[in-house]
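Consider the two complexes below, in which subunit A is the common component and subunit B and subunit C are the respective partners.
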Partner chain A sequence: MKKSRESIFKNKLVLAVIAELLILVVAGILEPGFFHVEYNATTGMLYGSLVDIVNRSAEITIIAMGMTMVIALGGTDISVGALVAVSGAFALKLLRWDVTLYPTPGDYTIAPFFLVILVPLLICTAMGLFNGVLIGKFKLQPIIATLILMVAGRGIAQIATNGKQFTTGYTPYRFIGQGSLLGLPFPIIITIVICAAVMIFVRKTAFGTFVESVGVNPNASRVTGLKSDRIIIIVYTLTGFLSGVAGLIYSSRISSCDSNNAGVNYEMDAILAVVLGGTSMTGGKFSLAGTIVGSLIIRTITTLVYYFGITSESIMAFKAVIIAVVIIFQSEPVGKWLATRQARKQKAGELRG
Partner chain B sequence: MKKFLTIAIALVLVIGCVANASAITVGFSQVGQESDWRTANTDDMCAAIEAEGWTLVYDDAQQKQENQVKALRNFITQGVDYILFTGVVTTGWDEVLKEVNEAEIPLFLLDRMPDCMDEIDYVAAFGGDFLEEGRRMARWTINYLAAQGRADEEINVVILEGTTGAAAATDRTKGIMEVLDKQDKLKVIASQTGNFTRAEGQAVMESFLKAHEDIDVLLAENDDMALGAIDAIKAAGKVPGKDIIIVGCDSVKAAFDAIVAGEMNCTVECNPLYSSAVIPMIKGLEEGKTYEKGVVHPEEGVFCMDGGIPYDEAGELLSVKAADVIDERKY
Partner chain C sequence: MQGIEIQFPGVKALDGVDFTLRRGEVHALLGENGAGKSTLIKCLTGVNKMDAGKIVLEGKEIRPTDPKNAMDLGISTVFQEINLCDNLSVAENIFIGRQPMRRGQINWKEINRRSQELLERFHIHIDVTRPLAQYSTAIQQMVSIARAVDVDAKVLILDEPTSSLDNEEVQRLFAVMRDLKKQGMGIIFITHFLDQVFEMSDRLTVLRNGHLVGVYNASEITKLELVSSMIGKDLDEIFDLKRASIKKDAPVALEADHIGAPGKVEDISFTQQKGELLGFAGLLGSGRTETAEMIFGVTRMQDGTLKIDGHTVKINEPMDAIHHKIAFCPEDRKRDGIIGDLTIRENIALALQARRGMLRPMSRKEQDDLSNKYIKMLSIATPDAEKKIRELSGGNQQKVILARWMATEPNLLILDEPTRGIDVGAKAEIQRLMLQMCEDGMSIIFISSELDEIIRCSNRIIVMCDGKKAGELNGEGCTQADIMRMIAGEKDGETA
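Coming up: the complex of A and B.
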């Protein structure tokens, strides 16, 4: 009992949750309305800033699920943002095909709906596979290997739509990002399903352990009989697929594709979510739950900026300060200090008692 | 067959040489795809240059200044005859534009003017009058409210600003505030950047709606942000165009569709079609004409649901009903 209480501040997940709660508490004190959540009968959805935070963190959370394992392998994937653009561009291409032939966006689709969903996901999965093969088989450095698609991806997205922004009014497609199920915005439902699926796959099979093992020492893992290159390929392929899902959500939210702006800096946000969640950049142990919290922290900060009307010039600085504070709060020395302080207090209490 | 081929090849060569002799190479450094407006701007210019049979070297900077600096330097080394340039931000162009001057390549500034434009040589600058566009957005809103019989009401206004640092954003905000500061009924309760994109326009409006109970007017500094905001307003269970008056800027086709559908109230035009002014000027330069350095504003209007709302200072220019002109819109 005593042991677990001592180690609580050394647990990165707990620290991430505390950081998120602290941010929310400060926000709530400044403006109690921030916590207001109500059921909106007209839209059939829960409505409030907290819902927005979870809803709009969907893309980063989904990508960061894959990114967590990429980082646990000691790698990184900087192509995810570009893949978000690729996915949206191909979906809109299939929905509209040729905007000169069908100039008005309406409630129609040119290709069957299942292809609109399937093709972008397959393309992104293939791109993830490409990353994985470069890194797993050809032993390229992850940052270099994924740089290829980071640059080329947006180009491919531009080609898909002739450098134009296609818009759609097709209701089933718009539902992905704007619809609701069980009173929740649909992106939240997608996120829950994906997070659950990834967690079950990783923790109920030995896959998670394999990833951690390869991340700590790929050579030792290989000697013990693990096919490390295969594990690397699976993880990068999965990340490509997840980026594709995020791209569908992003483009569906705005009913259009925006190859230059879709997913910009998502690689950074996803990496940050992973790090905030307590997974070390050096590889090895990882925490998917921590990553979810990390992603929520990032979106909470953005939502706060909008909600409190912080001037557009100071957004970057504001975000940087909060993130710096959170990361320092989570650092090992601070965790140790908190733990020893708690231990000392306990001792003092025992002496007094 | 062989004979035919030889003749064909010879023909191609001759035509090629003739074309080359008169060919003009135009380098066009564009900021990149960001909105429907930008697409129309790019397509119009590229199509016009190609229609003249000139060689076009087009560079899409993907919203990055360093890419544009690189593109301009490439134009210089390639020795293009004319450079068309739209800067993604206003500052930081001094050095590279002076290099263009030193290479004596005639320079056309399009749309967004760099800060250093007084210190450099250019043939002409074509651009929207962003300051006036901002003023028009505010004036139209005030006059529209008056026409609705709401002149004495306290009105809460929110603003979606463009990309921080871009001339279109800075000047439109300035123009809006200039007009709003002269009266006391319309109050700006929130103002935030939406980076000229739909996604951010939507996310920011979503938060505005939660932070402020009673928003009457949304002024979006481009149509894309307004279109994104419409979805956010719908998701909040409010009726865009009725519960909240939405004024956009640019006048892209999608905004016309929204106005005709009754989900948006007004869009202030920012004409992206510069080619009809730029091409004759290049031809003039080829003939040895000279032009006085200065900024040329294209003619622009204001379009709204029913039309007939004054938007200039004197109250003489009236807005046009969007449904009447939607079929003529090219972009």
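Coming up: the complex of A and C.
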């Protein structure tokens, strides 16, 4: 009896995994070298397209962890991309302070390293809190509330860096996005730690259930004693923090900050990752594992397209096609159709048996 | 319709049920919760697909694919839950999807004029250009009926149309129904109010557990026979309820001293002893629900003081009330009660989990034990606890909500219309349960529009009128007439 429910819940996750595998198979057929993974002894790091996919999906995966719960609450957060820029800008500001005083980038930092990490994260967390208060306390529509920082965030990033693009050569900072640990690129390690932490927080406490409950029926949740505004604030604040982490990884990868281009379209990718993972935009039940797979799908497509030398301008079109297929497969009518087909087959099988 | 059969996994919802509706008759469809009434209707209107059987309308076999299609075929439905768009105007709601056009544009004048006319047949005089949300539930209900009637229907299905109407409004609806009947329309009337069944219907079809029990002529069956055919039990067992016995020296559990929220209710004072069942009677909108919401912190209490066990308490939000061991089953189950997409288990565990706080989660085993215990205790009809609550019938949803609050082991339980829209059997079960809980020392505030159940169960009755307390009566020896007199403002009898 329990099977029926779990198969519905797992179905979408299974579908997402199948989709990811299919895309990988296509890649493997077209380019046999696609699955080649190599250990480079001098750098101590694994190389190959697969490692690359997981590595490069880190930013979106991390943001999408928060976005999953934002969407489960029936909301959306379109400020995450701008927060990525904010985070990078403040990190580089602290590393270089003022380019007129320290004109050449090099292996140095002006502020202590822990502040370089801490301050951007705090600022992004505060911005997430701002979103949460607007939505939870002032009951603004999420898309409107987060639009404020989507627009203002990049402006704040510009102000922090006086509109300049800083570059850094500071080794510890570059390690975040470019270093490796246990043979894995460091962003993968960060992603694993963050995903595990979020999952434990959500599923080992009652927080996940509360989020789902508020997402499905805020009125009834309130009458049942849940403080829905507080839950909303926590979720958006967490998403702000996670965007900050993603921003550090991104800016460390390019050893620089770029307020105009950092995190562009990340909100869309994060929302897509969540939806691909099987969480409904209408709120309610959510799946963090699904989101991780969703993020991998997006990155696999991107990598695939780059790998075959297709111009980056056409990437969006490719993504759109594949994502449309996956989402249509997960849609309710198709799911029902599949279910009835399966039931019919089972019935036929029973009759024969 | 002949031999409709439909299956749901786990529960066989309908099994070989025949149903015939004649032209120009009102045919009542009766049965307990989960008997298959709603399922039958859903088959008729194309919401659910039938596995077997066929529907014949005027000699032709039809297969409605969805409600719109059914409506085009001549089967119009007013569902139990109001399905209207709150923020559209009344007229827009009536004509949505079939707006009269003039030169390629919507003819607003026509829409508004015809809506006005239509509602005047119901003796409703409102401004049809204003948003529907501005009007009461009763008006909204009438609007949805008006909409269903206006399309050229051969069959009109009314699923619990009277549950949110007061007596006068019910009579208005009946007048309209008689009118439609004369025009040759066949009406399927689903209700739990047996008096209304006998008042309105020509024939009755009774379902039980997805099976057909029988078809009767309304004039040839007694109420008693009908009820026992619906539930298949002896009646004595059902109506043998005894009021809770309160000890003389039972301490005062709750004391409300001139509490109020201006604009909603004002100046309400009462006391309640431990183990007492306190009934709240009054018309729709008299302030019963608002008083309950104020005690529970859903509505902010602005005046007066509330004492629990002799201590003044401040309740700003539901969580505060829960910490003071108060529980509240709200009137609007769909809006304030169920969390539709979550399972029965999660719904039952939610209030207790909310009180324990986020950081002390209940283990899966605790949740399973809790939900299984209450599924058994309240005989909730479900294959298991992992079914989504929105897939249950109304009465079973109500039981889940009740279970949610019983799980918190409250000292004071507020039940706002707990028996609305559920059948005689489940009603009696819930009443018995309330009285049992009172015997065990719980205090209960019981709000209901049905005077007979209030009188049957309550130790004392508080009568509300126009946002104020009209008076107080003893449950013992009180009659419906006493309550109605008090509502009407005749100051005889004992007023507090």
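Convention: the second predicted complex is superposed on the first by the 325 of 353 C-alpha atoms of A that agree within 3 Å, B and C clash if a C-alpha of one lies under 4 Å from a C-alpha of the other, contacts with A are read in each partner's own complex, and residues count from 1 in each chain.
As a convention for this text, contacts are C-beta pairs under 8 Å (C-beta built on N, C-alpha and C of every residue); 3 or more make two chains touch, one makes a residue touch a chain.
Given the structure is predicted, the values throughout are model-derived calculations rather than measurements.
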| item | value |
| --- | --- |
| Subunit A as common anchor, with subunit B and subunit C clashing or fitting | fit |
| Subunit B versus subunit C as contact partner of A:Asp77, first or second or both or neither | neither |
| Partner contacting more residues of subunit A (subunit B vs subunit C) | B |
| Touched partner set for A:Val216, first subunit B, second subunit C, both or neither | second |
| Partner chain(s) touched by A:Glu267 [first = subunit B, second = subunit C, both, neither] | neither |
| Which superposed partner A:Glu20 touches (first subunit B, second subunit C, both, neither) | neither |
| Which superposed partner A:Lys204 touches (first subunit B, second subunit C, both, neither) | second |
| Partner chain(s) touched by A:Gly284 [first = subunit B, second = subunit C, both, neither] | second |
| Subunit C versus subunit B - closest C-alpha approach in the superposed model, Å | 34 |
| Subunit B to subunit A touching residues, read off their complex | 32-36, 39, 42, 60, 62-63, 161, 164, 190-193, 195, 197-199, 202-204, 206-208, 210-211, 228, 231, 234-237, 254, 257 |
| Subunit C partner contacts - residues on subunit A that touch it in the complex | 1-2, 4-5, 204-207, 209-210, 212-213, 216-217, 219-227, 284-285 |
| Residues of subunit A that touch subunit B when the two form their complex | 31, 33-34, 36, 40-43, 45, 47-49, 52, 56, 104-105, 154, 158, 163-165, 167, 178, 250, 253-256, 258-262, 302-303, 305-313, 315 |
| Interface residues, subunit C side, partner subunit A - complex | 9-10, 296, 298, 317-319, 321-322, 328, 330, 335-343, 346, 349-351, 353-362, 383-384, 386-387, 404 |
